[in-house]
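Across the two complexes that follow, chain A remains constant while its partner is chain B and subsequently chain C.
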Partner chain A sequence: MDIQTLTLALGDSTHAGRRFDVMPIAGDEPVLQVTVSGAEETPVYLTVTDSQILCLAYLFDEQELNPVHLNELHENMLRLSVPMPLSSLGKTGDHYVVYGALSPTSGAAEIMQELVTLAENAIDLLQTFEDYLA
Partner chain B sequence: MRSILNKLLTAMRGGVNELGEAVVDGQGNRILEQELRDSEQELKQAKQELAALMAESASLARQIRSEQDNASKREQDARKAIAAGQEDLAREVAERIVGHERRAVELTQTRELLQQRIAGLKERVQRAEKQLADYRRELQVVKTNERVLRTTAQIDTNINSQKSSLNTAKETLERIRERQAREEDRQTASATLEKELTGADLDEKLKAAGIDGEQDAIDNVLARLKDSPAQ
Partner chain C sequence: MANKPDWSKEEQAVQAVQMAFDLSKDIQRAFRVSAAIQNMSTSDMVRKVLELPYQKTRARPRLTITLKDEDFELLARKYDLDPQDRATIRQRVSEDLQVFARSYLTESE
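After this line comes the complex of A and B, so read on.
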């Protein structure tokens, strides 16, 4: 599944009652910004490599957090990461992210499922961890 | 793998990865890729060698069987010669049998040595395959890391330049709450509409005013029954 095929597939499809708004992010890497209807606040970014399709949504940045409770937040994030469906929690640079990786052989339905789940999980996680914001 | 992961962590903690700068430099990547190619080459050679040795071993097995067959065939000839009183002929055949048997033993020894080399080579192939899988996994980690850093840098640059700006978590939460409130309003509105359409809202109003159609019906029946008491 390459970025072009995926852009076309997502633009025309609905999955579990959701529509997808796809926008390519300009730059050297093939990156898509996908907005899932009903979860527009947390866009999912998608990139395709040789070994995986990586989808990720931003939660918050390090400087937005209350440093006093950082350890507690990390502990909770680690614990929630395991039961979260199709998503894991992580950090890249200063960004805390929720992400999911799929096999490059995944079909459009699997990718759409991932996108919907990830966008909804991002909202749930933001609301869950709201108290840790500075 | 552990050394690669440690390198990545050290670089990340040091903030080297800001702006998507590669953590393990291109040089390190090239070394890994070279190691991968060397490993692949070694594996290919070992497999070719293994195939050749196995073919040779199969050929030796055929030769051994043929010598053994010939020996047992000649044994029958020798018995017939002895039975016919042809002692000299029997001796000549016996010499042949000795020749076949000697060759069979020699070939078997050669083949045993070959089998040992095959076993050693198979082990080498397995080791090379494991090594190759390790290198591939390491390279995948390094490359994925680079890709994630470049991708997030690209997203940040784009969003910042668009001035839709990367929202703060608080702003995002505010927008989520607004949408959730809108959805709730919509649900309430559609529930109200539903009631209006089915007349359920009117029933509720009547009930609130003490006018209950169901209760009236029951009272009516009771009154009727009281008017015509049992005989």
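After this line comes the complex of A and C, so read on.
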């Protein structure tokens, strides 16, 4: 599934009653910003490589966290990452993220399922980790 | 860390997402600021840039805040007032907002 096909597929589809607003963001590597209806506060960024479709939502920056409880937060993130459906926790630069990766041969339905789950997980995680914010 | 496997292509993809995220934040900020300066809603500002029909002025420009019970509790503590004395609390809120606006306008000049 390439980015263009996916842009068209998402724009015309609903999944589990959710709609998708898709905004392509120009750059060396094409990236889509996908807003899932009902989870507008946590847009998902999606990019396709030869080996995976990477979907990623941003949670918070390192500067936003209370440094005193950083180790405890990391421990909780690692533990929560395992049972969390279809998503894992990670870090890129200073940003803490929740992400999911799919095979590049995945169909539109699987990708939509990932997007909905990821956006919902991101909202749940923001609430869960609220107390760690400075 | 020991020798890392070569995931440079994937790292590039992560970088691309990072740049897209930063760019979209900048774009959103630009639209929010330009909309505020032109006294428009952000969505109308987007429509204006795209040359789509939009509302020329805000239908009901207003500055209000909806205070919840817990907000009154916090404000009462801040102003050393009874939480039930909502009229006085609102009066103090209004005074604080005016002080902010006056100092903000002076600083911007």
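Note that in this section the second predicted complex is superposed on the first by the 134 of 134 C-alpha atoms of A that agree within 3 Å, B and C clash if a C-alpha of one lies under 4 Å from a C-alpha of the other, contacts with A are read in each partner's own complex, and residues count from 1 in each chain.
Going forward, a residue touches a chain if its C-beta (ideal position, glycine included) is under 8 Å from a C-beta of that chain, and two chains touch if they have at least 3 such contacts.
All values reported here derive from a predicted model rather than from experimental measurement.
Trainee: With the two structures overlaid on chain A, would chain B and chain C clash, or do they fit side by side?
Mentor: Clash.
Trainee: Quick one: classify A:64 as touching chain B (first), chain C (second), both or neither.
Mentor: Touch status of A:64: first partner only.
Trainee: Would you check which partner chain A:84 touches, where first means chain B only, second means chain C only, and both and neither mean what they say?
Mentor: In the superposed model, A:84 contacts neither chain B nor chain C.
Trainee: One more residue to check, A:33. First (chain B), second (chain C), both or neither?
Mentor: Both partners, chain B and chain C.
Trainee: So which one touches more of the residues on chain A, chain B or chain C?
Mentor: Comparing touch counts on chain A for chain B and chain C gives B.
Trainee: Does the superposition put A:3 against chain B (first), chain C (second), both, or neither?
Mentor: neither
Trainee: After the superposition on A, what does A:47 contact: first (chain B), second (chain C), both or neither?
Mentor: After superposition on chain A, A:47 lies in contact with both partners, chain B and chain C.
Trainee: Please state which segment of chain B collides with chain C in the superposed model; the candidates are 152-160, 170-178 or 188-196.
Mentor: Among 152-160, 170-178 or 188-196, the clash with chain C belongs to 152-160.
Trainee: Common interface residues of chain A with chain B and chain C?
Mentor: Residues common to the chain A contacts of chain C and of chain B are 25, 27-29, 31, 33, 45, 47, 49-52, 54, 56, 58, 92-93, 95, listed in rising order.
Trainee: Please output the residues of chain A touching chain C within their complex, sorted ascending.
Mentor: 23, 25, 27-31, 33, 43, 45, 47, 49-52, 54, 56, 58, 92-93, 95
Trainee: Spell out the residues on chain B that touch chain A in their complex, using ranges where they run on.
Mentor: Touch list, chain B to chain A: 17-18, 140, 143-144, 147-155, 157-158, 166-170, 172-173, 175-176, 179.
Trainee: In their shared complex, at which residues does chain C touch chain A?
Mentor: 9-10, 12-14, 16-21, 23-24
Trainee: Considering the complex alone, what residue numbers of chain A touch chain B?
Mentor: It comes out as residues 25-29, 31, 33, 40-42, 45, 47, 49-52, 54, 56, 58-61, 64, 92-93, 95, 123, 126-127, 130, 133.
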